[in-house]
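Here's the structure, in structure tokens; my notes come after.
Labels run A, B, C and D following the written order; every chain starts at residue 1.
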Amino acid sequence: MNYKRKNVENIKIAYIGGGSRGWAWTLMSELALAEDISGEVYLYDIDFEAAKNNEIIGNRIRNVNGCKSVWEYKAVKTIGEALINADFVIISILPATFKEMESDVHTPEEYGIYQAVGDTVGPGGYIRALRAVPMFEEIALAVKEYCPNAWVINYTNPMTICVKALYNAFPEIKAFGCCHEVFGTQILMKKMLEEDLGYQNVDRSDIKVNVVGVNHFTWLTSAYYKGMDLFPEYKKFADKNYNEGINCDFGGHLNDCFTCFHRVKFDLFKRYGYIAAAGDRHLAEFCPGDWYLKSPEQVEEWKFGLTSVEWRWNDLKERLAKSERLISGEEEFVIKETGEEGVEQIRALLGLRNLTTNVNLPNVGQIPNLPLGAVVETNAVFSDDSMRPVMAGDIPKEIYPLISRVCGNQEIIAEATKTRNLQLAFSAFVNDPLVRLPLNKAKELFNKMIEKTSEYLKEYKC
Amino acid sequence: MNYKRKNVENIKIAYIGGGSRGWAWTLMSELALAEDISGEVYLYDIDFEAAKNNEIIGNRIRNVNGCKSVWEYKAVKTIGEALINADFVIISILPATFKEMESDVHTPEEYGIYQAVGDTVGPGGYIRALRAVPMFEEIALAVKEYCPNAWVINYTNPMTICVKALYNAFPEIKAFGCCHEVFGTQILMKKMLEEDLGYQNVDRSDIKVNVVGVNHFTWLTSAYYKGMDLFPEYKKFADKNYNEGINCDFGGHLNDCFTCFHRVKFDLFKRYGYIAAAGDRHLAEFCPGDWYLKSPEQVEEWKFGLTSVEWRWNDLKERLAKSERLISGEEEFVIKETGEEGVEQIRALLGLRNLTTNVNLPNVGQIPNLPLGAVVETNAVFSDDSMRPVMAGDIPKEIYPLISRVCGNQEIIAEATKTRNLQLAFSAFVNDPLVRLPLNKAKELFNKMIEKTSEYLKEYKC
Amino acid sequence: MNYKRKNVENIKIAYIGGGSRGWAWTLMSELALAEDISGEVYLYDIDFEAAKNNEIIGNRIRNVNGCKSVWEYKAVKTIGEALINADFVIISILPATFKEMESDVHTPEEYGIYQAVGDTVGPGGYIRALRAVPMFEEIALAVKEYCPNAWVINYTNPMTICVKALYNAFPEIKAFGCCHEVFGTQILMKKMLEEDLGYQNVDRSDIKVNVVGVNHFTWLTSAYYKGMDLFPEYKKFADKNYNEGINCDFGGHLNDCFTCFHRVKFDLFKRYGYIAAAGDRHLAEFCPGDWYLKSPEQVEEWKFGLTSVEWRWNDLKERLAKSERLISGEEEFVIKETGEEGVEQIRALLGLRNLTTNVNLPNVGQIPNLPLGAVVETNAVFSDDSMRPVMAGDIPKEIYPLISRVCGNQEIIAEATKTRNLQLAFSAFVNDPLVRLPLNKAKELFNKMIEKTSEYLKEYKC
Amino acid sequence: MNYKRKNVENIKIAYIGGGSRGWAWTLMSELALAEDISGEVYLYDIDFEAAKNNEIIGNRIRNVNGCKSVWEYKAVKTIGEALINADFVIISILPATFKEMESDVHTPEEYGIYQAVGDTVGPGGYIRALRAVPMFEEIALAVKEYCPNAWVINYTNPMTICVKALYNAFPEIKAFGCCHEVFGTQILMKKMLEEDLGYQNVDRSDIKVNVVGVNHFTWLTSAYYKGMDLFPEYKKFADKNYNEGINCDFGGHLNDCFTCFHRVKFDLFKRYGYIAAAGDRHLAEFCPGDWYLKSPEQVEEWKFGLTSVEWRWNDLKERLAKSERLISGEEEFVIKETGEEGVEQIRALLGLRNLTTNVNLPNVGQIPNLPLGAVVETNAVFSDDSMRPVMAGDIPKEIYPLISRVCGNQEIIAEATKTRNLQLAFSAFVNDPLVRLPLNKAKELFNKMIEKTSEYLKEYKC
């Protein structure tokens, strides 16, 4: 890295999972727009061809209209080549394949357990965690070996457990987890400000929020816009839209939020008086299973959707086709603002701007009433080679029971994955709010799911 | 109080709820057997006649065979007379009447919510708390006025919230809550030692346990008997008796544990590997409602019982009859060891013995991963005018989600009762593991229950 | 307050101690330069004439060249008029007069105790605290009555104890303490960067630091400039300048830092490896008395100065003369950047900019190994109606003994002032690192100092 | 180990430092009196002859009048033989020889630093710690290998750092540090009760105290005897005896408390209102050096003594002579109650009695306002294979600055020894209350002391 007066050159970014046809393109867009930084992006993926394709796509961007910054993309065959001397590491991988995800999401349905996403908590999230943690430990150890001072940004789910695994394997790692779900709620409030309160061109980042909770079950304990407390307004807004919901997608970029009418969000607000700040699909998975996910019919009533893995297959097919078009030149890469913050975080860590935003980090006291060491989501201050959480304060009394429960459950899974202990993992599984089965049935389901993904769990013991 | 070489005379005990036909008689028995202490017991009750009856009964005991210690019983008409200069205060009251309790226990059944006891958590426990807290605040303020240095022992449910109310109203109060449920589990292990392992005459107090949790949802994280770790033995014991359960009542005294086959206890052990240490009826109420309390049929399967208020009416009738017989002399008071520890705690606080036993106290760090200030149950060391909790350690990972949830929920109720805030109380109500209703149904039930007990809730606001 | 698209009008600021001839003028300068905010400043002072003079001076500024923002200044006779509906409150008062300060600073010299400032800790600081706290309690209660939602900025010493008193009297107060001493150390590093390392026009605010400690005994645990870790450079810099020191005043504004050669700072760095970040005069007062303040000769060796109260009298005389010239128009008010941050904090609290800077606040965990509730200095994030401390982390092992000692001692004084308890205050007095007297001598000095300021201590009891 | 109905046989005790001519004989006496336990004591010492001598002495005891319990003593040549399958491990070693101790105690005198003991804190304590820690790490690792479930009792100084080293090297170790200094203060209060208040035959263990602090700088925050608060009495007692002191040795056993008139103890009580509970010689070493240890004359005034190493040589000579007499049979071993508690702790850990007493353990929250993990001294509850600290509560405000300072300083040394880092050790050295030297002088002394003991510090780096 070389600091010039106002910019930084020769930055090395390592992208683990660099064959991605989603986040990778988002990053390319954002980097192309960041005129005060430049350098190289090393793409590493177990599917080398995919990485190679992205190398081609990435290196074409410098010729695209609107490109303000030149980056060199290089696909590499080993993780060491990608990491050696990297300044930043981005992790965005799929733990195993859609085949395993199919089991994660759909096997529980045989037992009456419906999951809207199935990659964070619930039976699917936990089994996915069992697969993901050994991979993340391997990455963390490689970071320790090749670039111990690099900043590591994770986008992979289950976020909480993946970030914990990085810290478990290499405690000095400078890692954090990055998720856009809170932004979606800010955009909902932007809609409220513009449509109900007459403001114009509200900038999402001017809606100042205090964030507490765990990833995908984050809550706002305060929200201000230009000196105005948004809670009383949100109360009216939630009341007004409670029955029908309101369609406000968090679009404009590659997202996984899909259609959502925020009815779950409003219901939680009416119960507890705080603003749940993630997509309804995610929020529902952290609540007792009979609240929002009892049956497909109930899900429909709440106006969110169950993301089937079939949908994911189809979506991937489209993205593969797009990839081919980008490579062949049939389609031109479109540089656009994506609403994502990864590049802004990088700029802030380089000392090029000030930034306070929400990230996932081990709790060192930023949320005093959650366990120390558990990965939590709060605001953090990014500055020159430094990132420190802001004191977010206690989880409010009203929602502490909900959050401590799921935070604690993920702590069990984290320990179970670290020690490769299926018995312990089952303690979390049977405790999950979505799993309302008798012991023997829960065990049966657990075993069935383990069986289907056993190829990835060879190190685990009962 | 006067200290003699080996005993203490002229102790003054104030008994709030002194008309009781249960705990009062237990206390009388225990006091009669405590040869190194003597003094007066002031009985105060809103039903003065009941207290007067106990005065007669109590004063007869000195002539009963086996009485080793003379105590003077006096019924008084004001709480001030009872408390003034008291050395010890015992609280054992019924918050309102069986009429209100009937609503607590049975109204939720109309919504498919079954409670085995209904006096601790769940809809019944919370509504009972709303009534109890103002009473406990009044008692705490009277203690502050009349006997600020007295030791205050509470037996009333909901234990956790009542003890919290005492400390909220008078933070310097020397109060603790006392409950025998853990003893019942020690007695179960005594049975195991004697029947399965060939030991003879096992003394319950030789089974050394470490206690964590909240009242009625207490757990043992270790158990030893004569150098032997009891956990491996308990595992075999739980496996063997899992299907049929084992009948082991905690008898020998006036108890409310009733028939219990410990199947819930064994199920929880198999789920988490720790020993739940309370009667199954209580344990079940802290778990998600579909585990053990989904329906009367499910309860029957688990082999515990739902205590109807009708049963309580009948039981009271019998105790009233017994009271009359004791007063008339038709029946003689039987002095016996009850297995309760109140008097031993008093003796330890007087410096007459060493005692380490489990009590309910605000968390000052004895359980580091539960919120500070929340009332928790752990061992404490009793000595000369001193009682200090033992560092019980963190709630184990496996059961932290279960316990933090119900601990947090009781913290909401504590705050709601303190601030007389029904809106906040509803946040806890709708969060309770037994309440699996949609928001509008939950609200309907809450309002109905509030309505039925409104006479006692005049200070509360929505 | 009215929010416009890009600015805020009709802000009301209350200035307690508004007759000040130092900070008041600094504020006027800064406000005149803040083009996106405007409103009124109410000046309240027990010396009404002084406030009136500042009203005249302040209202002239709008005609001065370079004034970008119009503010109305009004002297008022009651604190209520100043505070009612204020948006911001600034406190900058002198607790009593220079006569009392003379005793604070010079009476201990009779016992061989030398103080460089005498307003923070040491005998002088503690006795000053005894006078200041009742005044701060009064202010806090007035804020509670007249403007409970206002942001309150304190500049008065002893900072730590004054901020604590505000929170003790009105726990919901939105107050913080603001001090420029850390900036001085950043300016020293700017000098290092420019003179030793060849950088040009280093901007102080680009030197990113993590701050821990208590006011006037603040330490940096990290410092970065454009991706460069400044600690290795500072080590060379401290070694090079250890013997002679380096003259680097923190000038350009009304300051009380005076000549300082940073030898104490370098000595502390060589002892512990962390950068002490306050003027040497302040740092020395927190260390054992024989390190830097044993005698005037030793002070001279370390190349800092003892600020006599005589000097203060003379300085005041000059400032009074200047005040007269400003009023009469003989001298024109000069608007200039002062290096102070108060107005930037105000702008950030209005949502007009992002700001992370160091302030004094009760510890809610931002420094986990100092007592909760003790006032500590760390960075905080200012945003729209919100200010939250950044997790600064533990005080490093090496300096924990020094800092915990003086932090704890100020906690005693805080409690002693709150309860008006001279006996307790003496416990801190006799514990102070500068007070190395036998018990009877310490008591004699304490009593003598109390006597000399007794007019202000009427509520205190032995 | 075999449990019988009322006793335990075949216990194996390993004694590291088993050639001791002090503690070893105390243990032999106490074991001979413990009629419900029996077994073997393995004596391991780097001086095998010394261990062999103790084997002979120990095995003779069974024939001595008054012996109630038969123990087999065996000297062994390797630590492994001693530890393999041990139930209890006792550590009482001298880290290096009196030659090194001579430097510890007397080299600082050349710089005007006087130490009364020189084995705990101060220059001597710290340098001793540098030698001791590698030895303790070795012992801990041997325990891990040979008897990981054994209870480990340490008597060696510096207690705090030695116990910390055991836990650092083997975190699961069941170790605690045992010290009789608190008993001495109970005996002083016994004297007060008997001589001033007319009680007879006061039993030390009936004086119930709450203990906080670090070893040799322990404080009582409460003390009761038969329902009487002893603090008001102690106040009178301290006032009355402040000037002359009172001679009350803690005799009757092998002690190192020597003559002590408790003047330091009374001075500290008058300063802070809490009872310092260790010998004055120890207490003085934790206070700023000019309070009690400025010069030999000042020490004399305070009526305690400086223990020269010459005295220790002479004392050892006498004990060696006694050893020879015991071996030859010229002198018969006298079995007597020693006032020490080690054997009672063993019995309690075997489940044979209840015991609550003060020990040294890592802080898990028993003193909330000292750092977690620092070794602190508080009461703990001993029961069947379990020892848990009692919640001792916060260090009182008045003495927090004194204690946090020395606790923190020992934490530095612990880290410095663990990482073999002399630079870090010097940070603690120069911070010590007794070391009031300028940086260069402190460094000179440090280097000189390191040099003199360099043979034992080969692993350390600057």
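Assume a contact is a pair of C-beta atoms (placed from the backbone, for glycine too) under 8 Å apart; a residue touches a chain by one contact, two chains touch by 3 or more.
All figures in this text were calculated on a predicted structure; none of them were measured in a lab.
**Student:** Among the chains, which has its CA centre at the largest distance from subunit D's?
**Tutor:** Farthest by centroid: A.
**Student:** Just how far, in Å, is the C-alpha centre of subunit B from the one of subunit A?
**Tutor:** Subunit A and subunit B have C-alpha centres separated by 45 Å.
**Student:** Based only on mean CA positions, could you tell me how far subunit A sits from subunit D in angstrom?
**Tutor:** 54
**Student:** Check each residue of subunit A and list the ones that touch at least two other chains.
**Tutor:** none
**Student:** Applying that definition of touch, give me each pair of chains that meets it.
**Tutor:** In this structure, the chains touch in these pairs: A-B, A-C, B-D, C-D.
**Student:** For subunit A, which residues count as touching subunit B in their complex?
**Tutor:** Residues 267, 270-273, 288, 290-291, 369, 371, 397-398, 400-402, 404-406, 408-409, 411-412, 415, 424, 427-428, 430-431, 433, 436, 438-439.
**Student:** Which residues, counting only subunit A, touch subunit C once they are in their complex?
**Tutor:** 1, 3, 8, 206, 208, 210, 222, 224-229, 350-351, 354-356, 364-366, 368, 379, 381, 383-386, 388-393
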